[in-house]
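In the part that follows, the structures are each spelled out as structure tokens.
Next, two complexes with chain A in common: one pairs it with chain B, the other with chain C.
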Partner chain A sequence: MQMGMKGTVKKIISLLMSLFLTSILTFTAFQVIPGDSALIALGMDATEEQLEEYREEMGLNKSLPMRFARWLKGALKGDFGYSSQYQMQMKVSTLIGDRLTVTLWLAALSFCIIVLVSFPLGILNARNRSGTLDSLITLVTHFFMAVPPFFLGMIITLLFGIILKWFTPGNYVSPEEDFQRFLRFMIFPAIAVAVPKIAMLVKLLRSSLLREMGLDYVRTAKGKGMTDTSILYRHILKNALIPVITFLAMILADILAGTILVEQVFNLPGLGRLLVSSIANRDYAVVQAIVLYIASVVIVINFLVDLLYQWIDPRLRKD
Partner chain B sequence: MGKNGGSTYDFNFILGLLLTSLVLFIVFLGFFYTPYDPNKMEAALINKPPSLSHPLGTDNFGRDILSRVMKGAGTTYVIAAAIVCIGASLGILVGALTGYFGGWFDEVVMRLNDVLTSFPSILLALVFVSLFGPGSYNIVFALGLLFVPSYARLVRGEFIVLKERDFVNNAKLMGAGSLRIIFVHILPNTRRVLLPSLLIGFNNAVLAEAGLSYLGLGVQPPDASLGRMLSEAQGYLLDSPWYALAPGLMIVLTVLGFSLVSGGLENGQG
Partner chain C sequence: MGKDETLLCIEDLTIGFPTGKCVKRVVDHISLEVKKGEILGILGESGSGKTITALAVMGLLPAAARILRGRIQYRGRDLLTLEEGERRRLRGAEISMVYQDPMASFNPLLTVGAQVEEMLRLHAKHTQEEYRALTLKALKEVGLTEPLEVYHRYPHQLSGGMRQRAMLAMAIIAGPKLVLADEPTTALDVTTQGKILQLLRELNEKYGMSIVLISHDLRVIQNTCHRAIVMKDGRIVEAGMTQELFARPQTKYTRQLVAAAPRLFSDGGGLRVTCAKNTSYKEQREIFTIQNLNVFYPEKGSGLLGKKRRKQVIKNANISVLQGETLGIVGESGSGKSTLAKAIVGLNREIEGVIKFNDVAAKGKGELAARPQMVFQDPFGSLNPTKKIGWLLEEPLKLQTNLSKKERIARVREMIRQVGLTYEFLERYPSQLSGGQRQRAAIAAALIVNPKLVILDEPVSSLDVTIQAQILRLLKELQDKYSLTYLFISHDLNVVFQICNRVCVLYRGEIIEIKEAQELLYRPQHEYTKELLESAMVKMGNRLP
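Let's look at the complex of A and B:
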């Protein structure tokens, strides 16, 4: 138990280190941009006094570490300064706050779809071990992995939106307006993000389950007279879950990345579209904030998964 | 699994080889010959469905889609190949040196690797593009660098195992230098894992190019690339769905073919 505590503290320290390192990288990366950011913000016809005042206000005259400290202090309070791509002075935090809900819903929905579809399929497939099925699953998996989510999104728009008219393409409804219609619209982009991952997860689950089935403890359980079904659910599934959880954690990052492209296809007002339009408009404050945000989410998720492992698999608590 | 599995994998491997030869043939042909000029606009031929003279139809500027897919796939392939070249050669170098020598250098490089891989790669590519601007050269450079960690990790792992083997000790006894052992004795032995990963890397590069160009940050108009075409086709999904299908299917066939071949190689075929 004491060992476990020590390990957890160590992990928390390394989590904080990673987050700090990420923020340094995110900040310094944007310092290489050529040009005077005061001039960019105020425009060509600003006077020298105005420029100087702006630099003073934004702390641009200070040294790099000082500016970083200032930025980080703001970031910790959720203050990332002002966006430059809109006519009105818009706070980066408000801009992101609105978009965040959409992206989080999209990511959560696709994650649910992935888990709900993959587990039954994977378990079903593992009970039937034949070479032909193996090779068929391999083919299907490779096929779905080969379809880029944004192309799948276009196919879905074409099939379900234009031909079958199950939803109106481009007609996004915000959750505050009508939650049911929002969900009914979001399910389609969520499927586009989910499908390639479902294919991968089914294949992984099957091979992981099949490997566990060949181990000694399964034979022992069988010898004691347990049925195949109860062995599967009470013993095998729990052990086979470990690589699956690693995979699920890995795809969370992929899902977030996938939403960037799929939001574009379905015209969703999410973080991804904000990121792309900020890049196109050289709105660096927003780009910086979104990058830091997504990277932090990924790091924190990896940390939580690490803790989850120890809870699931006591063998790992030793170290 | 086992013997039984081996014989059935054959089918996928052969299918992969067929698909790969097909797409490579189309692309190589496209370097020398296309039915029409891929960038020539024709007002009379705007958004025409597939016909005998234009087998894949025409786009919103009346350009022949087949010609554009042939040329565009070529652009995508060249970019993807360049990305893999940069990523793999630097990755192999880093992986070989860290794996063979170990020590503090290894420690530092691997921690850096960890931080880099914790970012979703498209996010890093987007950061890079936002710093240096869009365009094909920039995405080749950006994605090429992003591919370094995965190759470095793979090659490092192989080197750590292989450097303890007898043939390395023999070579040392015969007086071979470190560099000779690394590149002449050990490196050729990593090809069993390296070759499939090069094919997968090519796939990932094709998908990454398509994604970035789709967002308008990669290949710039009027040049065609598969991602660029998809992004242009998006607005015409209602009137001319064939426009999006052609480049999209080309991506799917390419990635499917290469990944089936890579899977076959991993299972000891070929």
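Let's look at the complex of A and C:
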């Protein structure tokens, strides 16, 4: 067990190192892009003196490592400077912070829906192998796998927003304003994000469960006199989860990075839309911060999945 | 309850797998009885229907299998018409099974203790502490000396022998009256095999537990069972008391099996060694030498900062092989046999020391034709399943020679004849071949580039005895024809003594003895060699003189 601890500490150290490397890459990448950030910040009308003053003030004349250190120090405190698309009036951190709340809520909601719906369906599907229910679920999942989320968003808007009037399309309410109405609104984009992923997950879970059901240890359990249900929950499920976890992690990273199309359809102020508008406006400070965020999310999720695997599968533990 | 009570009675059982319109019968009109307290052996080669019969008794047949007719009665109750709930209560508590592959038959994610205990929990009411105490007791009962440690281990952390013992503990913990043991010793070393069989006999004597022992190995059945049944293609060929049955077999097939079983000792108690008598190799020159060879396995350091470590598997090995001889390498699993073989063919580069072919050190590519070829243990895994046999045979020629397409095909055709297959096999995929045919194809693939030295890594251990004998004969023929030199790796001493001129014993990565086969058999020096020989004999029901 002590070795296990040691392994975890090692993993944490390598996590921190990858995060550091990511920050270097993110920073350098934007230094290589041609263009004068002073000019971008102050606009084409700025005089030479104003530009020089800005460069001095922002430390743009210093060496690359110095500027990186300065940027990283700020980044660690959550300070990424000011956004140029808002005429340097808006802090990048505030801008991203607001959008992040929306994206995080959307991610959390859709992730819950994905897990809560696909697990029972996948299990039901596998248990009714080659029954009518199985064929029906398979048919429906195949259909939804092919539907892109934004199109589904449009259908949902039409059905629940316009016909059933369960929410007002486009009328986003921020959580500070009215949290209940915010949640009621957010549930619909969350469904739009979740449905195609559910379809894929049900399919994956079904095939994973069926594969496990054919293995020898299941026969052993049956030979002990266990019922099929307790074999499923006590023996099969945990084994079947192993491939599913990787996929769940990919989904989570994907929706945490922002879902631009769904945000657009539901008029949500999320991270995805901010990223697109920042790229269009050459607002590098914002883009840099979002890229760093996305990269970190992916790295951290991978780290957590790694730990989760070791917890589930004793064969992966080193001793 | 009398001693003669019949526990299990199978009448006219027929099981088939429907394929398309016809049904492939795998068990065909089988009738047998198991009495209380007896050990019944079922002997048969793979595909003879012995495992399916056992699974039918357990009610664990694969979904595709259909019971076409017959009855299975357990203490007067017909199992086939029993309600599922009733039947479930019998499983484990009355009838339990020891499965063929204990690694796959345990859940990899749960501790061994939890899985053994689960059996008890399903069939008996106790307190938490009692469950645990009884589980530990059962683990101790099957000869696991540190039950508490085993209890907390996961299946992959145990050795093959320990896993098999744990599987046995699981089978007996709920006190069943009948245990079906399906090839319980097949995957084990000879030394461990003997101990497990001994354990089965002890359990039978101590608790009067009836055992059905299923094996393809005549010696296992002969040494353990009171009564035996010989099965072939789903039918019972012959049955009788074990001694009688194998001493005076009535049918041709049983006689064949008895004849094919490799033996060290004849019935008279004297030694009858079938060691290869070919002594002409002695005048030959050395074709291959190893000097002070150390082989390592790199161990992956953990994380980004982990240091690279390596584990020494082979320690200071010295071997020289003469042209035309067969050198056997024996040792139990984990002794480094396969590692040594891989180092010789160049599949492992973490080596120190000298490996020489024809006095040329094997650094760089060297003379290609002189490079040794290898035949692997598992012809299923070592032949690419997506390619036809013809393609597989041609590939080494493409890589190692400059022959034209026409010449290559001529060579492939010649080779396939040499290993006793016909041209039509060239158009088949490995999955369409039987185990023996696949191993023939693998041998052809190894020999096609005209190597001088061939390394055979357990080439017959996955095959049935009658097929084993055929393959060994083929190897001998090919050796004479092409004056080949063999390095023959095996854990099966009986096979080794049939084909090898000299034998080298590997123990924990060290060569502890290397000498003429006869010499080794008569005058083993090292304690381990003696133990190895003894367990091979015990398994055959003989004792050392």
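In the analysis below, the second predicted complex is superposed on the first by the 298 of 319 C-alpha atoms of A that agree within 3 Å, B and C clash if a C-alpha of one lies under 4 Å from a C-alpha of the other, contacts with A are read in each partner's own complex, and residues count from 1 in each chain.
By our rule, contacts are C-beta pairs under 8 Å (C-beta built on N, C-alpha and C of every residue); 3 or more make two chains touch, one makes a residue touch a chain.
The structure displayed is predicted, hence computed values, not measured ones.
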item: Partners on chain A (chain B, chain C) - clash or fit; value: clash
item: Partner chain in contact with A:K238 - chain B first, chain C second, else both or neither; value: second
item: First (chain B), second (chain C), both or neither touched by A:K10; value: second
item: Contacts of A:V276 with chain B and chain C, given as first, second, both or neither; value: first
item: Partner chain in contact with A:L116 - chain B first, chain C second, else both or neither; value: neither
item: Touch count on chain A, higher of chain B and chain C; value: B
item: Chain B versus chain C as contact partner of A:V147, first or second or both or neither; value: first
item: Partner chain(s) touched by A:I260 [first = chain B, second = chain C, both, neither]; value: first
item: Chain B versus chain C as contact partner of A:L21, first or second or both or neither; value: first
item: Contacts of A:G223 with chain B and chain C, given as first, second, both or neither; value: second
item: Clashing chain B stretch [against chain C; choices 165-173, 183-191 or 255-263]; value: 165-173
item: Shared contact residues on chain A - chain B and chain C; value: none
item: For the chain B and chain A complex, residues of the former touching the latter; value: 1, 4-5, 7-9, 11-12, 15, 115, 118-123, 126-127, 129-131, 203, 207, 210-211, 214-217, 230, 233-234, 237-238, 241, 244, 248, 251-256, 259-260, 263
item: Residue ranges of chain A touching chain B (in the complex, touch as defined); value: 18, 21-22, 25, 29-30, 32-33, 129-132, 134-135, 138-139, 142-143, 145-148, 150-151, 154-155, 157-158, 162, 169, 210, 253-254, 256-257, 260-261, 264-265, 275-276, 278-280, 282, 284, 287, 291, 294-295, 298-299, 302
item: Chain C to chain A touching residues, read off their complex; value: 58, 60, 88-93, 96-97, 99, 101, 104-110, 118-119, 122-123, 154, 156-157, 170, 302-306
item: In the complex, chain A residues that touch chain C; value: 7, 10-11, 13-14, 17, 215-217, 219-227, 234-235, 238-239, 312-315, 318
